[in-house]
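Pasting a structure here, questions to come.
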Amino acid sequence: MALLEARGVNVVYEPSRGQRIWAVRDVNLTLEAGEFVGIVGESGCGKTTLGYALTRMLRPPARLDGGVITFDGTDIATLAGEQLRRRRRNGFALVMQSGMNALNPVRSIGHQFGDVLKANARPGDHLDAAAIRQRSTSLLESVQLDAEVLGRFPHELSGGMRQRVSIALALALEPRLIVFDEPTTALDVIVQEAVIQTIKDLQRDRGFTAVLISHDLGVVLEATDRVLVMYGGRIVEDQPAAVIAEGAHHPYTEALLNCYADPRADEVVLGGIPGSPPDLSLTEPGCPFTPRCPLAQDICREVDPPLAPLGRGWAACHVRAPAVRAGVEAGRAS
Amino acid sequence: MTYISRRVVLFIITLWAAITLNFVLPRLMPGSPVDAALGKLAAAGVPITNAERNAIEIQLGMPHASLISQYGEYLRNIALLRFGTSYSYPTQTVAETIGKALPWTLELVGAATIFAFIIGTLLGIYAGWRRGTATDSSITVGATFFGAFPPFWLGLLLLYLLAFKFGWFPIKGGYDPGLTPTLSVSFMLNALWHSVLPALTMAITTLSGWVFGMRNNMINTLGEDFVTFAEANGLRARTVATLYAARNALLPNVTAFGLALGSVVGGSVLVEGVFSYPGVGGLLFIAVTNHDYPLMQALLLVFSLSMLVAIFIVDLLYVRLDPRVRR
Amino acid sequence: MTVLTAMPPPPEAPGRAANVRSGTASSVPGPLRFGGRAIRTIWSNGKARAGLIMLGLFICIAVFAPLIAPHSPTATSFTPYSGPTSTNWFGTTGNGQDVFSQLIYGSRVSLLVGFGAGALATLVAVTLGLIAGYRPGLVDELLGFVTNLALVIPALPLMIVLAAYLQGHSVWTIVLVVAFTSWATGARVIRSQTATLRTRDFVTSAVFSGERLLRVVFREILPNMTSLVAASFFAAATAAILAEASLEFLGLGNPATVSWGTILYAAEQQNALLTGQWLMVLAPGLAIALLMMSLTLINFGVDALSNPRLREK
């Protein structure tokens, strides 16, 4: 059984004034235990929203609108309150963007570890101060931080250290799924490299399912086994990371790859994608990439393209991956 | 410079500025406060010795001496606590008069403010946490309503209802007329009974400020990333609300507490006036009614000083609460 | 006594970015467009809407006072010290004046002093705040120190002492004294906000493109602080109304003025509570409370304007 299955997930933003915005539309997704999946896309494509939705961390005015999220057999989309809280232990965790503000400024790191460990203690766990200290230390070691960090406050740590502390805190839940939302975006390149390596090592050693959300395709390709490309709130491509740079793909993915120039080439041509991102308040059917797509046809404007087989994965494109018949939907579900 | 030493320097400089302002003020006023003061003193039967005249002039303005020498004399008098004689209480010096009244106000204001701060903050936390619900609306509307009561009017109302009509509390004074102030338990209880209505009045009118401030802070803090992360890590709602959200939301309120404590001393003027309470607020009330300038001057200084001290103490407390300012 | 949270909204809050406008042209003049949006936001907030309605009522009462009040407020033709009767619904003063009519006319003074002193205080606060916030350095430090000093001297005692010295006994004295003591809180808040906005990109680009200082301040910075200034104004006006009533109550105003505070002063002088004339005490106090409350309620809406997190769903 898959670790997480999402069916028909929609997320809508409903501000008190202004239009409703559909940030995530009809997402169907399956994550197996131990997978390392990347979600990539431009700003506003819905990847962060999806990550928050899957870990049930959406905040008003965002709202899960229909859909089933089955985690380890239970539908967590309908859980709330204490029931939801209990599921997080040994369940799903979220590491937020760059950990800058993710830590309580007035509590020491050690106390914050204590808070998390005590809140997620199992009945029968004996958590005295010594046990907490010991577990906190081992968690910090797993992210290459020294135990003396426990006595510090967040403002005394660098950005990279805070990010690692966030990861260690999430690990305290012993989760089987961790969603990393843009873990390196606000860090400089050298620290980025180290943090990504840490995440990779942790994932390999502990075997949890990792979801890495980033707008940086390079980071995603380096770390993950499987890449999901999102556009306009939908998943438009789903491929093993190894093949994403080769062969034919969804036109958006190809355009994205073209944006990355080869620094070794004699002539560096910077590509871009003409046009602007779709208006997420509209709910008409059709492929969202149509206005910017060089291959657009009439059917693209009228019918939502389903995810259909393409190469070793899937793509939602009428042209590249035409759905042979409606039955291809069922074939994809397993 | 460390945070604390900076605060000490600021305290001293501001104190000096307040003292100087007190020096400047009467000298800017139209007319001659000195003559008025001397006239009143004579009318109250106080003999105008040269020393007496000198003291008044130093405080309120000497027409003949240079400003610098006046200022020097003034500072010396302040240091020696020589404020002259009030003509509302001709038998004692101003310093003595104020000295007797100060403890009453401190006790009243202290009790009322601490009470209002605690209850107001708790209500504010609750309203912010449950923002948008009926609970929140009722707390905010209620606080708006009660906060809009002019303190003296609420005092009059409580006086009328609870003291006059129902007779539960005394109508005026800090203690029963026949008693003399001692440190006995029975006197303390009597004083306590007399302080309930004025304290209640002050507490109710200042409550709303705390509620709103804390509610706003809570709402802002709840939007912070670390609150979301705490929830994602499985912390219980109560832990998140208190140790994570409220603990941070509290910080701006703590600094405001210092200011409020000091300013409530000033606000005690009206309430003590209404209840004829023997504190420094009531003294100002009397001083104003009698145009008693020496007393008024000294009181203004006392009010400013109490404000500065309150702020200073709270600043010291803040260091304990916010690790980011520690050095 | 309200305590203002000394915390301007954090600069990077998303709503603030959304609210930022540089002085670009559009078909509808900027201030008008903003005004319309502002009124709509305020009106959409339930509490603020109630406040606007209440304030509207008070303004109507003040404007149409001669039509509403049954008698002239200063006419001393009635039996003094009487309780509520059919001619004098709220009783009479010691001078034989009709309390109800005084109550109606009194709204004029409260609104005048409240808005007048509030506007004056806000004007001073904005001026000093902008200057201090825009130019860091000696001017800022000096102004900051003066502001702190003004904050440290308790407002009410200072007002009392000033009013006692000035012996002006006119409404304008009161307006000046109140404004003089209440500019500091607003100045501090506006200074912080100006300092924050000064470092924002759109200001830097305006300065680099050669806009003169005054234009930068008035076209770039000030429009982005409108709601903050409005909030300061309403807070100052609220405090001013209370201060005016307090000063009148203490007898520091002109007893001949007809205002809610003087009614209470007269009530205190004639021990109205003890003689059963409790309406004479209840009515003006309630009026003050309701007027202050209406402004505070409106301020809820103004707060929401500047900080979208506070907007009601």
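Here are some notes:
When the chains are written out, they are named A, B and C in that same order, and each has its own residue count from 1.
Just so it is clear, contacts are C-beta pairs under 8 Å (C-beta built on N, C-alpha and C of every residue); 3 or more make two chains touch, one makes a residue touch a chain.
Not measured: the values here are computed from a predicted model.
Here C is the chain whose Cα centre lies closest to the centre of all protein Cα atoms.
Counting C-beta pairs in contact, the chain pair with the largest number is B-C.
Chain centres were defined as the mean of their Cα atoms; on that basis the chain farthest from chain C turns out to be A.
Separation between the centroids of chain A and chain C, computed from CA atoms only, is 50 Å. Annotation: 54 Å between the Cα-based centres of chain A and chain B. Averaging Cα coordinates per chain places chain B and chain C 22 Å apart.
The set of chain C residues touching two or more other chains comprises 312-313. Not a single residue in chain A touches at least two other chains. In the complex of the two chains, the chain A residues touching chain B come out as 55, 57, 59, 81-82, 85-86, 88-89, 93-94, 96-97, 100-108, 115-116, 119-120, 153, 155, 166, 169-170, 172-173. Listing the residues of chain C that touch chain B in their complex gives 1-7, 9-10, 13, 47, 145, 148-149, 151-158, 160-162, 164-167, 238, 242, 245-246, 249-252, 264, 268, 273-274, 278, 281-282, 284-285, 288-290, 292-293, 296-297, 300, 303, 307, 309-310, 312-313. The part of chain B that touches chain A in the complex is made up of residues 224-226, 228-237, 239, 243-244, 247-248, 251, 321-324.
By the touch criterion stated above, chain B contacts chain C in their complex at residues 10, 13-14, 17-18, 21, 25-26, 29-31, 33, 132, 137, 140-141, 144-145, 147-154, 156-157, 159-160, 164, 205-206, 208-210, 212-213, 216-217, 219-220, 223, 252-253, 255-256, 259-260, 262-267, 269-270, 273, 284-285, 288-289, 291, 296-297, 299-300, 303-304, 307-308, 311.
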